[in-house]
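In the two complexes below, subunit A is the common chain; its partner is subunit B in one and subunit C in the other.
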Partner chain A sequence: MKKGLTKWFTGMMIGTLLLTTAGCGGGSAPAANSVSEGAGTAKIGVVAYLSGGGAAYGQSQKEGLDLAKDEINALGKVKIELVYEDSRGNNTEAINAVNKLINKDNVVALIGPTLSGEMFASGPIANQSEVPIMGTSTTAEGITDIGEFVFRNALPESSAVPQAVKMAVEKYNLKKVAIMYSSNNDWAVSGYKTMAQALKDNGVEVLATETFADKDTDFSAQLTKISSLKPDAVMVSSLYQEAALVLKKAREIGITVPFVGTNGFNSPELIKIAGQAADGAIVASPWYPGKESEKITKFVTDYKAKYNKVPDQFAAQSYDALYIYASALEKAGSSTDRAKLRDSLATIKDFQGVTGKFAFDEKRNPLMDATVLIVKDGQFTELK
Partner chain B sequence: MDIILNQYYLQIVIFVLVNAILGVSIYMTLSTGQLSLGNAGFMSIGAYTCAILTVKAGFPVYLAIPIGGAAASFISLIIGYPALRLTGIYLAIATLGFGEVVRVIILNLKITNGALGISGIPTLGTKISKMLSSFGLSRFGGLTAQQTSNLLVLVVLIFILAFLVFFCTRLNRSRVGRAFASIKADESAAEAMGINTTYYKLLAFALGAFIAGMAGGLSAHLTFFIGPKDFAYHRTVEILSFAVLGGSDLIIGPIVGALLLTMLPELLRSASEYRLMIYGALMVIMMAFRPQGLISEETVRFWKRKLGRRIKQ
Partner chain C sequence: MFWQQLVNGLTLGSTYSLVALGYTLIMGVLNIINMAHGEVFMFGAFVGLFLVNYLKVNIFVAMAGAMVASALLGILLEMLALRPLRRRAVSDLAPLISTIGVSIFLENLALKIFGPQSQAFPAGALSGVQLQLGPIRITLVQIVILGISFGLMFVLRFWLSKTRVGKAIRTTAESIETANLLGINTNKIILLTVALASALGGIAGVLVGLSINAVEPTMGLSMGLKGLAVLILGGMGNITGAMLGGLILGIAEVFTVAYGASSYRDAVAFGIIILILFIRPQGLFGKRQGGRF
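And now, the complex of A and B:
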């Protein structure tokens, strides 16, 4: 029996060895070629959350990028090649992916990662290696403090949320509100903080602050308490799954006031899950597919033709990000010089994208206006 | 040479080494036959203690990392004393619960910055190279600053791991190691022979926690960012799988397990979407045919015999 086992063991070892070396060979071959052929083609690495719980975000980003890449290459001013790596929403994986793209694939710039936490972990690597990195969905505070090479075109919560709060306060004459947020989600907590600050700035009284956790499904305790306080509105900071369930429960127990949300509200999924209950949900979004603009209509039709669905915010911002890179590459006049690309990226101004007029401020954060949306009859419409 | 000095490979080797240290930490408790799943918890205590000390209190890294380990060790004594009266699956559940409790506490404390985590942790590499440059050694010929710092980190980690392996092999041959082995073989018999089982179990537990805490501190300074999410349940399973895959009889087992399990996802990157499927399938196959782990005492004996024979010929 012992002999049989050892035989198996050797077999297994050889098997793994073969498999791993095969993987090695496959991975390194294209990297060797790219240096010689890549004279005119700019290689941009993308780190996205492509498998696991948040794969839907990464998938949207990939679709937006692919669409933009095809269009840019068809225009022919610059040629772009995208190399995707999956980060699985994990910090170490994101670090490895960024390292691989920089050192093995020799990319000129990076897009991603999807989550702010991943950016905090992998951004310093790109910054040290002096490779421009642009987050398209990293909205947390302090992302661009990592360094000179870290950019983002994701509208930070600190800029989007106050716009929504201000609009709602003016529109509905809010005096006293209740807040709910997911306390175990870094991004939701940061959204909550901005929300609380914005309320304070607008002189609105906070009656109660209730917390829950991601993946919670029962919010009756918090909402019953809020209901008894009779607020003018409820502020919610969480991802769309929880936000939708909160809305559903709230309408069920008779809270009819408007709900103002952070970016988590900004998803068609919210309406899909909450249905009728989503009516009256308010959110500020850099992306609104229904806006009347030639550029946006074209993007939405093209996207629909290719993927058979309406692009969400993740797709739109990634789409814009690649166009921003393209115009920076064009200005830099080189498809391999990372430092030049960074400098020309920093000077991007008056860029017209599908998410509106865009510029980087001196801290490499986006300067752009958000559109405040409200759900009416199961549709996002502009709140005017 | 270029390939060896590529940042990407250096970074992977660094993660392999940190995981190997974590593998040693679980080996420590397993060497007394106790299945403790609290390692992610101890790791997070170490990581947070260390990160808070360096970021907020300005401690030097070389002091903060052992302090992180000591903090984890101290907590392990407090929870170990009652918990180690449990055995087998009950201990596993209790320690697993402990890990979750630590995570939730971290999530709700102000000093740990809750769910936002601590970002902007200084890197180990720059710290070490700064220290060296103050001694007059700044750059080694032809290497970029980043390569130098990564290489330095590598050397430090190899040194720590080598020390741990040395420590454990020495320990196994000592009075303490024999006591560990006897508890693993049969706890009641060991007790009947006059071994203070609670003391030795607690000792193994605290040592394991110390190593896990140090590994946590090291990893905090390698990933620049720590959040409660990094130390959730899946981390414990990951650490345990080093020992399960590599085998927990010998110290080399968890180290080989850490090596394989850290490298595999990277090596399989070219398979993109099939990556995790292949990874999972390999794990299942391994467990089906090698339930005792890749390396057991028998394997070592077998190879010794085989190699010995070859030498004679």
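And now, the complex of A and C:
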């Protein structure tokens, strides 16, 4: 009996091994191949945070990309196929995803990953393999310093946050503020540093700096402490999930001052979770669905028709990113040449997207303007 | 500020205690750590949310509903992931690994069903009501959490020590073989214990969901880890230990933020746990051997 079991077990192990190696060795799986053999379809790999705590970001990005892909393919100038990989917000997973997309799926270019930390981990791999990679939500400092092949159309915090801080300081005559940020998130820490610098530049005193961690749910201790210091405003650098809970708790314990946030504030989810508590939240955003423009109205209508919700910044920037790739592909005249695509991407300027006029600067960062928004009665409105 | 922070610490701690109670019950009887407890807790929160949001029931009815649903989930867990392993003589670690499997399954199932977005209880479901007692501002949710946690602890203690079923559970905890010889249907008792522990997890889910007002599929993980820490701090399988351990952890965390630096929150809290375990390796209330509960 025992021997029989062992044999059976060994059999199973060999079977599994065969199965897994077959899976790996499959190189370009036949199914995927037959689709991409079509007349010059460009295969673009997408690494996004599609499951786990920040899956809402990745979901928005996927929706924006899918919408853009359908429109671009309908126009017919270039054909694009998207291959999605889930990074789960995890640096190792992002590295695996980038490796797989480059070596197995043979993509011509990459979009993503969602988080700046993931980009710092996986960007160097794309750069070494000489595959263009464009972040649509990677706003931390130093992203494009990774290398020549790394681009982003995400407005860096260093450009957006000071605009929000300056506007809030002028508008509300801020003298002393408190800061809160998520200390285990690369991007939030970078946002915090930019914030602190902007406050210093504007001569605002910082009363207290409190930290928390991503996925924290209890902020009562930090906020009780901040409440006793009576600041004119609170600055928060975190993803929307934590930001919304911070706002909620703050309003609950009677902190009524404005909250200035980094990019994490910039999502309808913030309002959905925090409800009324979100009123008075200030953020600078390249994306504002209320802007008067034919292009934006059309995008919002189409997006609403397809997904039954208003696109957020993540959807809008991903939508633009795919159009940027499409025009670069068109100029490059090849759907497989990675180096040509990179060079043509670097020359993109005067691109008109839903997030406004767009160009890459010499460091492959976006040149674009932000609008400072404030939440009023559960709606993002322009702070004037 | 001191009293306010103390209240903050007590409420945070009592949610830890509630979660740890479920761990402790299963630890005490089966001598395993149920790694899926955090996810049962998350499911309870979602069931409560569903009942309040879609069936518009009273929040206390929703808590009861969440308890029933979680208990059923616990029964499934026992029958599919624990019992088959008990029948064969497998390694002690096997149930641990199988519950990790269940936890991953449940988390991803919740992601599929409920989506990744965090959802909130509607305004008016207990949340929002505040009382001002001198220098302390306390919400109704905090009072309910404190009340239910302590209430459940006393009921549980009484039930285990005085009732027939409670005695059967304690006998089973002592030794499954002996309990079998004494004519106790141990399978039934174990099923009951897992269901009870899961029901506690379910109500904890609703209460925590109410207090932070955000329910999402990954909420079980961090809470589960805190619950585990409390389980060890209080002494494996000890109910009073779980209760006090939770409060100690909660207060330690809050006071680190209030009078120290918020970055050191977990470092100090877990540092205290290590220190206590140096002095009492068996945990605050754990006995060196045998005789749980």
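One rule holds for everything that comes next: the second predicted complex is superposed on the first by the 356 of 384 C-alpha atoms of A that agree within 3 Å, B and C clash if a C-alpha of one lies under 4 Å from a C-alpha of the other, contacts with A are read in each partner's own complex, and residues count from 1 in each chain.
Throughout what follows, a residue touches a chain if its C-beta (ideal position, glycine included) is under 8 Å from a C-beta of that chain, and two chains touch if they have at least 3 such contacts.
What you see is a predicted model, and the numbers here were worked out from it, not measured in a lab.
In the superposition on subunit A, see if there is space for subunit B and subunit C together, and answer fit or clash.
fit
Taking the superposition on A as described, I'd like to know which of subunit B and subunit C A:215 touches: first, second, both or neither.
In the superposition, A:215 contacts subunit C only.
Which angle, in steps of 10°, is spanned at subunit A by subunit B and subunit C when each chain is reduced to its C-alpha centre?
60
In the overlay, work out which of subunit B or subunit C sits against more residues of subunit A.
B
When the two structures are overlaid on chain A, which partner does A:56 contact: first (subunit B), second (subunit C), both, or neither?
Second partner only.
Report for A:273: first if it touches subunit B alone, second if subunit C alone, otherwise both or neither.
In the superposition, A:273 touches subunit C alone.
Which partner does A:183 contact after superposing on A: first (subunit B), second (subunit C), both, neither?
both
Please work out whether A:128 is in contact with subunit B alone, subunit C alone, both, or neither, and reply first, second, both or neither.
The answer is first: A:128 touches subunit B but not subunit C.
Answer with first, second, both or neither: which of subunit B and subunit C does A:378 touch in the superposed model?
neither
In the superposed arrangement, which partner chain does A:225 touch: subunit B (first), subunit C (second), both, or neither?
A:225: touches subunit C, not subunit B.
Examine A:333 and indicate which partner it touches, taking first as subunit B and second as subunit C; both and neither are also allowed.
Neither subunit B nor subunit C is touched by A:333.
For the combined overlay, can you note the least CA distance between subunit B and subunit C, rounded to whole Å?
Least C-alpha distance after superposition: 6 Å.
Find the residues of subunit A that appear in the contact set with subunit B and again in the contact set with subunit C.
51, 183
Within the complex, which stretch of subunit A touches subunit B?
2, 5-6, 8-9, 12-13, 16, 19-20, 23-24, 26-27, 50-51, 84-86, 88, 91-93, 95-96, 99-100, 102-104, 117, 120-121, 123-125, 128-129, 140, 142, 145-146, 183-186, 188-190
Can you check the complex and tell me which residues of subunit B touch subunit A?
Of all residues in subunit B, those touching subunit A are 6-9, 11-12, 15, 107-108, 114-117, 119-120, 123, 146, 223-225, 227-230, 260, 263-273, 275-276, 278, 282, 285-286, 289-290, 294, 298-299, 302.
Please output the residues of subunit A touching subunit C within their complex, sorted ascending.
Touch residues, subunit A against subunit C: 51-56, 59, 183, 210-213, 215-218, 220-222, 224-225, 228, 241, 244-245, 248, 252-254, 269, 272-273, 275.
Any idea which subunit C residues touch subunit A in the complex?
1, 4-5, 8-9, 11-12, 108, 111, 115-120, 123, 128, 130, 137, 139, 208, 212-214, 216, 218-219, 221-222, 253-255, 257-258, 261-263, 265-266
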